[in-house]
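Have a look at these structures, which come just after this line.
The two complexes that follow have chain A in common; it is paired with chain B in the first and with chain C in the second.
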Partner chain A sequence: MESLLDFARGPLFRLCFTIMILGLARILSLDVWAIYKAYRKAGDKRMPWKLILSRAWEWFFPVKRISRNFQMYSVISILFHAGLIIVPLFLLAHIQLWKGSVGISWIALPYGWTFSLTIATIVLAVSLFIGRLVIKQARLLSRKQDYLWLLLLLLPFATGFICSNLNISPQSYQFFMLIHVLSGELIFILIPFSKIAHCVLAPLSQVVCAVAWKFPPKTDDDICTTLNKKGAPI
Partner chain B sequence: MNRVHNTKFVLWLIAGFAAAVVLNRFIFGLGVTTNLNDRTPWGLWIGFDVMGGVALASGGFVITAIFYIMKREQFYPLVKPAVLTAFLGYLAVISGLLVDLGLPWNIWHMIIYWNPHSPLFEVGWCVMLYTSVLLLEFSPVPLEKFSRYAKVRNFLMKFRFVFVLLGIMLSTLHQSSLGTLFLIMPFKLYPLWYSNILPIQFFISAIALGLMVVALESLVSHWLYKRKPETNLVAKLCRIAAWVLTLYFVVKITDIIAEDKFSLIFNGAWQSNLFIIEVLISTIIPAVLFAVPKFYNNVKVQWTGSSLVIIGMVLNRIDVGGLVMLGVTGDSYTPAWTEIVISLGIVSIAALVFLFVIENFHVWETQPIEPESIPHKLPLFDYSSRTWLGTPDVSSVTTHSLAFVISFAVGMALMPGKHLHSKGIDNIKVSPASGIDTLYINGNRDNQFVKFPHQAHISRIGKDSCFTCHHLNMPGEKLSQCWECHTSMYTSVDFFKHNSHISNKNANLKCDDCHKSGENRSALTAKKCTSCHPTYNFFTYGKNTIQKYKILSYTDAMHNLCVSCHILESRKLKDKPNLALCSTCHKTQLPDYLSAAVSWKIKVPHFNSVILPGVDLKKKIIKSVLKSQ
Partner chain C sequence: MRTNKISDEERIKAFKLAKKPEVIEKQKLNVRYHVEDFDVNDRPRRFLEAFAAILKHSNYRMALDHYSRVVSRCALCATTCQIYQATGDLEDIPCRRSELLLNVYRRHFTLGGLLKGRISGKDFLTDEKIQEMADGFWNCTACRRCTLECPMGVDHGLITHLGRYILSEIGIAPRALVVSTREQLEGASRNTSAIPIPALKDTLEFLEDDMLEEKSVNIKFPIDVDGSDYVFFPAVSDFLMEAETLMGIAAVFTATGDSWTIGTGYYDGINYGLFYNDRIMERIIRNVDEETDRLHGKNVLIGECGHASRTAKNFMPTFCGGKDARCVVSILEYTHKVWKEGKLKLDPNVVTEKVAYHDPCNFARQRWIVNQPREVLKSFCKNYVEMTPSGENNICCGGGGGTVSIDEIRPYRTTVGGKLKADQIRKSGCDILVAPCANCKKQLRELVEDQGINCQVVGLHDLIYKAIIFDDSLIVKKEGLIFDKPDFSSKEEN
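Now for the complex of A and B:
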């Protein structure tokens, strides 16, 4: 168990963490490049930049949208995102691991904060899961991976909570720690290749929407040829 | 264009892997990434990347000389690719050198602080000047694409002949001066390779190699892009190469016979066998192949012959650059996998740049067409980001960047993790002191002893003073020795073993036995050690207090303990003013019974000077030790 834990914390962690960081950088740069290419070719180069920026900002802090519909669902979702980002980044134990290995450190949250935030995040994740099951509209929109993601994100939080707060025997501590580390690493690997990539792509989504409809001049022929429908009535 | 796509995919894989290793090399240093040491400071990177790289780049000057000076117009299609290969080759040499140098950021010193007596000074200046000339020589090709730089391009084209002449001159100088470099080490190089005309041999072999590099590069790139091979041109190159190789062989053999070394070739030593293999691959077999018209017009023979010359000549550079010095220095060196990966990575990045330039600029008469950029091809979606905006050629970018990311991550995972904590000092394990009552301390095994008379100290300080030095003992022991806890010579180690406290073989404690519940579980909030181990007697020196759970290094522990007491005593005792000086302890001569036991262990010290043949340093030292007894 110990050697397995060492492997998961050492080489495996480096592998997964590098894939996450470089993978996110790759996706971001590919998207920016694609947007640039599409914009350069566009026939109509007018872009509603102000609207794009305000929309992006609106979705980034969706306070305005809360009052529309499903208020509870939106609030829970926002708080869930906050817990998801804050707890792993500002937990003292994680920061000390960074300090011990690479030598960098930053401010940690006090114990009480992380304790209650962890519980809150777990509760919120469970309620989001129930919400997806119960609310009809949400159920219709959900894919299998949406349910799976909630469960997968729940795993490191629950095991981390057990490890840092309950008084358990050393053997079960190592067992839960192993699950904690492995599930975290699975999340790291999946982030750049799944919908969680929105953590870096979100600011671009409005620009993509705007650019996607900018076709190069005289594209209609090319589109018809590509779709093999030349001469067919549109 | 699957062939190009797949080749680039593999090249990106290697490049990503190498990039991770390079990152580790620049963060954690040469010790993590090489098997080099003071005795063998030049390894694969110098032999292959630098010496071999320069030799491989010789295609540029050979083809430009044939085209511009000898006016052989039919070689025009080969000129631009050859100059490009030479330019990229030199850039690869420079990047290989930067990885190999211990302090690469000092490379500019050579430009300002001149040392005209050093052969490396000449080599360095040649590399810098020739790379700049190659840049000027090649830059009209990419500038052609941008109309706003037309004036610059016209200027460069006007003085093109000057650059070409300069390039040929500098390259001639540099190819031979790499040979000159080894003239200063006659005693290190095996006699079969050492020769007074080493520069001339290097120059002639560089011409043959240059011809073959251009030939192979033409064959490979035409195969990659599925174009008709330039068989006639390559055949002409092969015919010239046959003559040059014959000349090289004659010069080499004549020199060996004249220097009376011919019998060395067949004496069965590994160096001699290596020499035979090298000459066979690099010279004899290809020269014979290219002498027969039926053979040199055949594409397959062109492939084999040119590859043989390239492999053989690079082997020659590796041999001269360090491999055949191993027999003389007595060291054993095999390149670490990281060295091989970095070398391959540099080559593959150069190849990727070559392909990029060929596809995007006017290097060939007709540029290769990328079928993926045909506008009416249905796009493939990028499954990772679920977005699609660009032309279909993006699909190759997505797969190639994915290959880079994954192999980079694998490279990071494979780097030895313990070195990631390294602060630059080796963890040398302490060896226990030898002796019975009078201890001879030799912690790092360099045979520089410190004498410690145990009984004399007890009689001076008093019988109740055991705890002054034996401040802490291993569990179950009464008087533990220093090296049992201070296990590392120069670095501090962890005092507290968390694993043995929670392991069921030892203490088997639960979390809350030491950490308070409702608090962060860290060293700062844990119980004090003395609450369970009340007899522990901790020293606290400077920053390394027990709160940080660190044991001082052996050197620090010894110096803190001995020196502090010696300083106090030297003030008290008027007749011993030198008690606290370094030399008081660090001058110990070994007693006879110990020196006999130690003498056979004495190693040859690391040498920086040339060892003259016939002098065996090891025997000399042992003799002198035996005499002194």
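Now for the complex of A and C:
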């Protein structure tokens, strides 16, 4: 078990992490490249940067964006995202691992904070899961993966919490730690190939929207030629 | 979630089909709007062909790729859509509607989808799916309000726009819009209301007489004046239905002395292309540009109309010269500018009723024109009230996206589409509702009538016309009021 854990924490982690970074880089560059190509083709090059930036900014701190009608659901979702980013990134134990292996470190959140944030994130994930089930609009739209993702994201949080806060036997500790690490790694691998890619793509949505409304200058002619509609009456 | 559902009675009224079963059978299409007969064979293949051609020559692929990757199906958009709020039908949730097209895109135009489709042999585009799209995309008013609510920034209005575009390429588009654009682009009158030039001139002459009588000022509608600063393109229906708005605009120009003109070569600002077909939109924009060229005008001036202003403003540079394209000004911007410069004096004692302002989506959603008309209004309407939400978050009148021009769906528009708006108007308690958009005005008038709301719907310039104070030098002495016929052949500007 121990060697397996070492393997999972060491080479496997590096592999998965690299896959995630490369995958996200790929998807991000594809997106940016597509935006650039569309922009090149567009007849109108003016860009409403003020609007784009202000709307993108609003979504970074979506206080203004809390849905009036789905208040609870919306707040839960926002907090869940915050927990999802903050806990793994600012957990002392994680930072220490980074320091030990690559030598970089950054400020960590105090123990009490990460403790409560972890619990909060778990509760929020469960509530979102329930939300998707009980809100009829959300239930209708949800695909299998939307539920599975919540469960998968829950796993490293729950196991991480068990390992760092509960008094358990070393064997159980290793077992839960292994699940913690492996589930985290599975998430890493899946991120670039799933809807979670929105973590890097969503900030571009406002630019996408602005550029998508900019059309190439000769649409009529080109499409008529392709569809054999030249000179056809309306 | 709070919904604001319509009653069962209203539902029956709204969804009553105006079409005969034989027509539905013949057209193999069960939608509320009338469609011209089209080739019903092989629709899916032709849909895909049109889709492919459009993807090839447009920028939509970029957006579809992006949206397919990020959609999270959170359902937050359901809370904003006025259609879903009214019907409560799950098909009307914006994200769900957009998925109709995104699914076709994924299945037929992405590598993964093609492979998956090959293996499973499922999910082909079918006639039923086309039927669903033909229904769904014309239920939506393309107001783009849901876009603000979507955490992923998916522009459902854009998808509706694209969906309608592809459908129209295979012949599925509301007949009302197609017939109008046909007249505009291929007919003798060259405008959507088929107003011939003599009738236009008569109308304007008549209005000039009226204004002289009412205001004792020689207010003119200059026709075909070469080299004007502004060539004016209102929604052409204004000549038939919005005389007061036009009179207000003419009055503003008389007060400022700026040069403007209406060209008899082409005088329609309406661009239904925005609602159903980009190719049509391009042709119409080019007409506007050519007419301005012909008259050696400096700027294009669009009348009180949201979609006409937005299309001209956004797409003139696209189709007519990029950054060298001529400047497009909305009359709201112009009036606000001259008011700020102190060239426009408005009497604060004329309009005493409770006035509210309705933001046309095409002005406000992108934060383009939100405060300008409000500032002008507040300066002379003492009893101004604000409706909430407003500005970029405004609620659509319910007739957006061209649906207002489809008369046969009026019951749908005034019970479903405009339900939230009607509630909002009622709540504001306004006597006068200012809506500076030809489409909004028509819809809102029908809405208040059908919903029994006691409120008058007008344009911004209707009120300006009432309250405008002219310089003494412009006032014609009483004895001069022996109505000489205004001289239209004159090239001089008054």
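Rule of thumb we're sticking to: the second predicted complex is superposed on the first by the 216 of 234 C-alpha atoms of A that agree within 3 Å, B and C clash if a C-alpha of one lies under 4 Å from a C-alpha of the other, contacts with A are read in each partner's own complex, and residues count from 1 in each chain.
Quick note on the criterion: a contact is a pair of C-beta atoms (placed from the backbone, for glycine too) under 8 Å apart; a residue touches a chain by one contact, two chains touch by 3 or more.
Here the structure is a predicted model, which means the values were calculated and not measured.
Asker: Check the residue A:Ser164 against both partner chains and state whether it touches chain B (first), chain C (second), both, or neither.
Answerer: first
Asker: Under the stated touch criterion, name the partner, chain B or chain C, that contacts more residues in chain A.
Answerer: After superposing on chain A, more of chain A is contacted by C.
Asker: Is A:Glu2 in contact with chain B, with chain C, with both, or with neither (first, second, both, neither)?
Answerer: After superposing on A, A:Glu2 lies in contact with chain B but is clear of chain C.
Asker: Touch test for A:Lys64: chain B only (first), chain C only (second), both, or neither?
Answerer: Neither: A:Lys64 stays clear of chain B and chain C.
Asker: Contacts for A:Asp31 in the overlay, against chain B (first) and chain C (second): which applies, first, second, both or neither?
Answerer: In the superposed model, A:Asp31 contacts both chain B and chain C.
Asker: Once the shared chain is lined up, is A:Lys99 touching chain B (first), chain C (second), both, or neither of them?
Answerer: neither
Asker: Let me test your reading of the model: by the given contact rule, A:Val211 touches which partner, first (chain B), second (chain C), both or neither?
Answerer: A:Val211 sits against chain B and chain C alike.
Asker: For A:Ile19, is the partner it touches chain B (first), chain C (second), both, or none of the two (neither)?
Answerer: In the superposition, A:Ile19 contacts chain B only.
Asker: Return the residues of chain A at which the contacts from chain B and from chain C coincide.
Answerer: After superposing on chain A, chain A residues 27, 30-31, 34-35, 37-38, 197, 201, 208, 211-212, 222, 226 contact both chain B and chain C.
Asker: Under the stated contact criterion, what part of chain A meets chain B in this complex?
Answerer: 2, 10-12, 14-16, 18-19, 22-23, 26-27, 30-31, 33-35, 37-38, 92-93, 96, 100-102, 111, 164-165, 167-171, 173, 192-193, 197, 201, 208, 211-212, 222, 225-226
Asker: Which of the residues in chain C come into contact with chain A in the complex?
Answerer: For this pair, the touching residues of chain C are 1-2, 49-50, 53-54, 56-63, 65-67, 69-76, 78-80, 90, 93, 95-96, 147-149, 151-155, 158, 169, 178, 181-182, 185-186, 278-280, 282-283, 314-315, 317-319, 322-323, 325, 366-367.
Asker: Report the residues of chain B in contact with chain A in the complex, numbered from low to high.
Answerer: 20, 375-378, 382-385, 387-391, 394, 397-398, 401-402, 404-406, 408-410, 412-415, 417, 420-421, 499, 502-504, 508-512, 517-522
Asker: Taking the complex as given, what residues does chain A use to touch chain C?
Answerer: Contact set of chain A toward chain C: 27, 30-31, 34-35, 37-38, 41-46, 48, 51, 55, 59, 62, 65, 67-70, 73-74, 77, 135-138, 140-143, 146, 195, 197-198, 201-202, 204-206, 208-209, 211-220, 222-224, 226-227, 233-234.
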